[in-house]
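These notes are about the structure you will find just below.
When the chains are written out, they are named A, B, C and D in that same order, and each has its own residue count from 1.
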Amino acid sequence: MTIRPEQQAVQVWDDEGGQPSSNSGNNPETDPAGYFVAESFQIPELIGISAKNIQEHLELYQGYVKAANRIIRRVRELTKDDDHMYELSLLQRQFAYEHAGMTHHEKFFEQFVGGPNACADGGPFLTQVAKEFGNLDSLTSCLKGMATTRGVGWVMLYSSPDNGHLIPHWINEHHIGLLTGLRPILALDMWEHAFVYDYATSEKKKYIDAFFQNLNWQKVELRFGSSAA
Amino acid sequence: MTIRPEQQAVQVWDDEGGQPSSNSGNNPETDPAGYFVAESFQIPELIGISAKNIQEHLELYQGYVKAANRIIRRVRELTKDDDHMYELSLLQRQFAYEHAGMTHHEKFFEQFVGGPNACADGGPFLTQVAKEFGNLDSLTSCLKGMATTRGVGWVMLYSSPDNGHLIPHWINEHHIGLLTGLRPILALDMWEHAFVYDYATSEKKKYIDAFFQNLNWQKVELRFGSSAA
Amino acid sequence: MTIRPEQQAVQVWDDEGGQPSSNSGNNPETDPAGYFVAESFQIPELIGISAKNIQEHLELYQGYVKAANRIIRRVRELTKDDDHMYELSLLQRQFAYEHAGMTHHEKFFEQFVGGPNACADGGPFLTQVAKEFGNLDSLTSCLKGMATTRGVGWVMLYSSPDNGHLIPHWINEHHIGLLTGLRPILALDMWEHAFVYDYATSEKKKYIDAFFQNLNWQKVELRFGSSAA
Amino acid sequence: MTIRPEQQAVQVWDDEGGQPSSNSGNNPETDPAGYFVAESFQIPELIGISAKNIQEHLELYQGYVKAANRIIRRVRELTKDDDHMYELSLLQRQFAYEHAGMTHHEKFFEQFVGGPNACADGGPFLTQVAKEFGNLDSLTSCLKGMATTRGVGWVMLYSSPDNGHLIPHWINEHHIGLLTGLRPILALDMWEHAFVYDYATSEKKKYIDAFFQNLNWQKVELRFGSSAA
């Protein structure tokens, strides 16, 4: 599944565990089509999550990219006089919603690429998991429990760049309650659009299970990267 | 001005521009007093911001550290049965408020340490500023304008770890609207407690001016670090 | 479609336009099963909104009633000592989410009861609409436009109890941005669960159209009640 | 203390317990100066709350009235084409912040007018308080405890129009977590600006005590009005 392959974002590498990350900010001067560019994802056939649901979900993702670009463009257009300060501040606030919607979805889709691979035993990620949670099943149970939080949002697993410590976390909507200074290494979308084509809202636990069946843990490990001491 | 020097946090260096960052997660196993430890700051006499206001502000900061520790402790105590899932999810959500309150205040106070030093001309930060804003005065005007946003929150300057791009931003309260994957390199506290001992709420522009008079831009540059391409 | 008919809430009449309103607060002393009681709704076959979607939606509604009751019960159980003040405050905050989720859904479902009836020409509601919007089509267009707001939430039409003035409004989630002191006389659910069994998220305009095809405007008029001067 | 007496709002009476309420919506056609008009309040000398703090606070209140008017004006000016729907939705969302900021402050200031009078023993309000809380001291303790909630916001006491039931509540900022369909009969401002000219943030309990020393309970009783069965 590929979106706009002709606009394949320039692959850049950030320092958050070594993963490519195109939407931390493309260069506006060299990208006339928009500041942010929708990424494409080679998503294989999934267990328990239909191609239709993924397709609808990817279209929503593209909406976030479009809206984030729109805000950046409008902020530049608006005169910074007193008459427009109020609207500028509203656009500025809303930017976080669109930006987080965009970047979290990218983390989400990337986790399916390559299929459901396990991490190497004895590698830095599983070592940290064992230290803090006993084993991967316990961590997974914790994340699954958190995923039943009422409302719409995201279950995240963060790691500390200082000492590799793992912090499971819930984010409301896309942008309410992010943790700062920590690495998001796993992102589970708990908005209704993530699963309703396949499961009723009263059955969302089936979607949660399906997510973990398809998760490429090697991607999580890559993001965890050099977190561990 | 030093808080609890006997508990000086172990200095660790994260990969976000080289700055020490102790509260991205201390090691709970080696820190019996709490997961997070309040940092101390050697804040010089400031222009236009009184010692009393700073002292009150530092006490509030310590409240965030205490509350963040309380949540982590309670989450561990609570049985993860169905009966407590609801409260667990509330604690989890609130954690972001306390965590962001804690970490943003640390970024804020650090910026006064060492006094108001200018960045080196031709260095990576001022080069990026010139490229995007013309000069430092224009960037400062932009940040000052944003600081008049209605409500309580923070003006942030983020930089992209990919290409050094600078993004001025507003965060509501502490935790609503953070940007993910970007580096917070400047943090201006626009809660009322940050200035009301010195200025009336109707005069908050004077506080904003005072902030920039005291800001150690070398700290901002250090956080910007290797952002630039 | 009836939920728990054996627990039919005692019909009470509030002063907001004369409509029965059972969940502004039942008497906890006479209701051992819970402070709030799920209402039942005689919803006819709808145009463009399936029985399955309504059924799933009603189950979600019951979840809000259950959660609101749970919070009230927990608040009473918790000792009000310093050690529990923090959790009490979290429960208290979350109560608004559950309470608004419950009451807005009740307003939503009630609007389908009796089928899509028009208001009387020359009645107080249409007179006010004509005065402010020209005609009902213009008001409906305004509400439909507002329904395309990004995010999850509600389109509301409020009326002023002072002078009947009509205020179309958007609420985020259930509880962010309610207007106080005004009467909610129309409530359109724009959470994804309201329509995804029938329409893809990219087709939500079809759901918006279907809502207005099924809306019993006489219910809106009844709520508007004696608002007009 | 009187604000803009020449613009004294037309006194209207809503059906929420009989109190005058001018900002549930003035008539835009007859009010060229703005849709909402700042009210004036005859506030006596207070115990423990300085005239300076009240004066600054009243100026902030007028800022909410101004901002609410600005949004209403901008919403009317903006063309409702696809290009402006996004900004319209932002203005719409922000309206609730300004509207609630305005109306809550009005409820707050009104409570000081006439000075700290007690309610009649055996009247409907104290009867309800006795039934649910034992006595007024217990209710006051509950509200004081809630006022120590972390963050900025409001302690509210709501009553049910159905059966008079009393619900103490916390609102975050001005607009996050309002209860719908209930009457706000007491409003305690817990933003920092409400007290910082008189008390340090670490001493906010003194302000909470001062509030209750100055509260005109007869105003609360008037709002409670015919709530009781």
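For the reader, a short list of remarks on this structure follows.
By definition in this document, a residue touches a chain if its C-beta (ideal position, glycine included) is under 8 Å from a C-beta of that chain, and two chains touch if they have at least 3 such contacts.
Nothing here was measured: the structure is a model prediction, and the numbers come from that model.
Counted as hops between touching chains, the shortest connection from chain A to chain C is 1.
Averaging Cα atoms per chain gives one point for each, and the point farthest from that of chain B is the centre of C. Its C-alpha atoms superposed on chain D, chain C is turned by 180 degrees; the angle is given in steps of 5. If you average the Cα atoms of chain A and of chain B, the two centres end up 24 Å apart.
Per-chain Cα centroids separate chain B from chain C by 40 Å. Multi-chain contact residues of chain C (touching two or more other chains) are listed as 67, 86, 93, 97, 150.
Interface of chain C with chain A (complex): residues 56, 59-60, 63, 67, 97-98, 150-152, 173, 191-193, 196-197, 200-202. For chain A in complex with chain B, the touching residues are 12, 14-16, 21-28, 80, 85-86, 88-89, 92-93, 95-97, 99-100, 103-104, 142, 145-146, 148-150, 160-163, 165, 167-172, 175-182, 184, 226. Touching chain D in their complex are the following residues of chain A: 67, 70, 74, 86-87, 90-91, 93-94.
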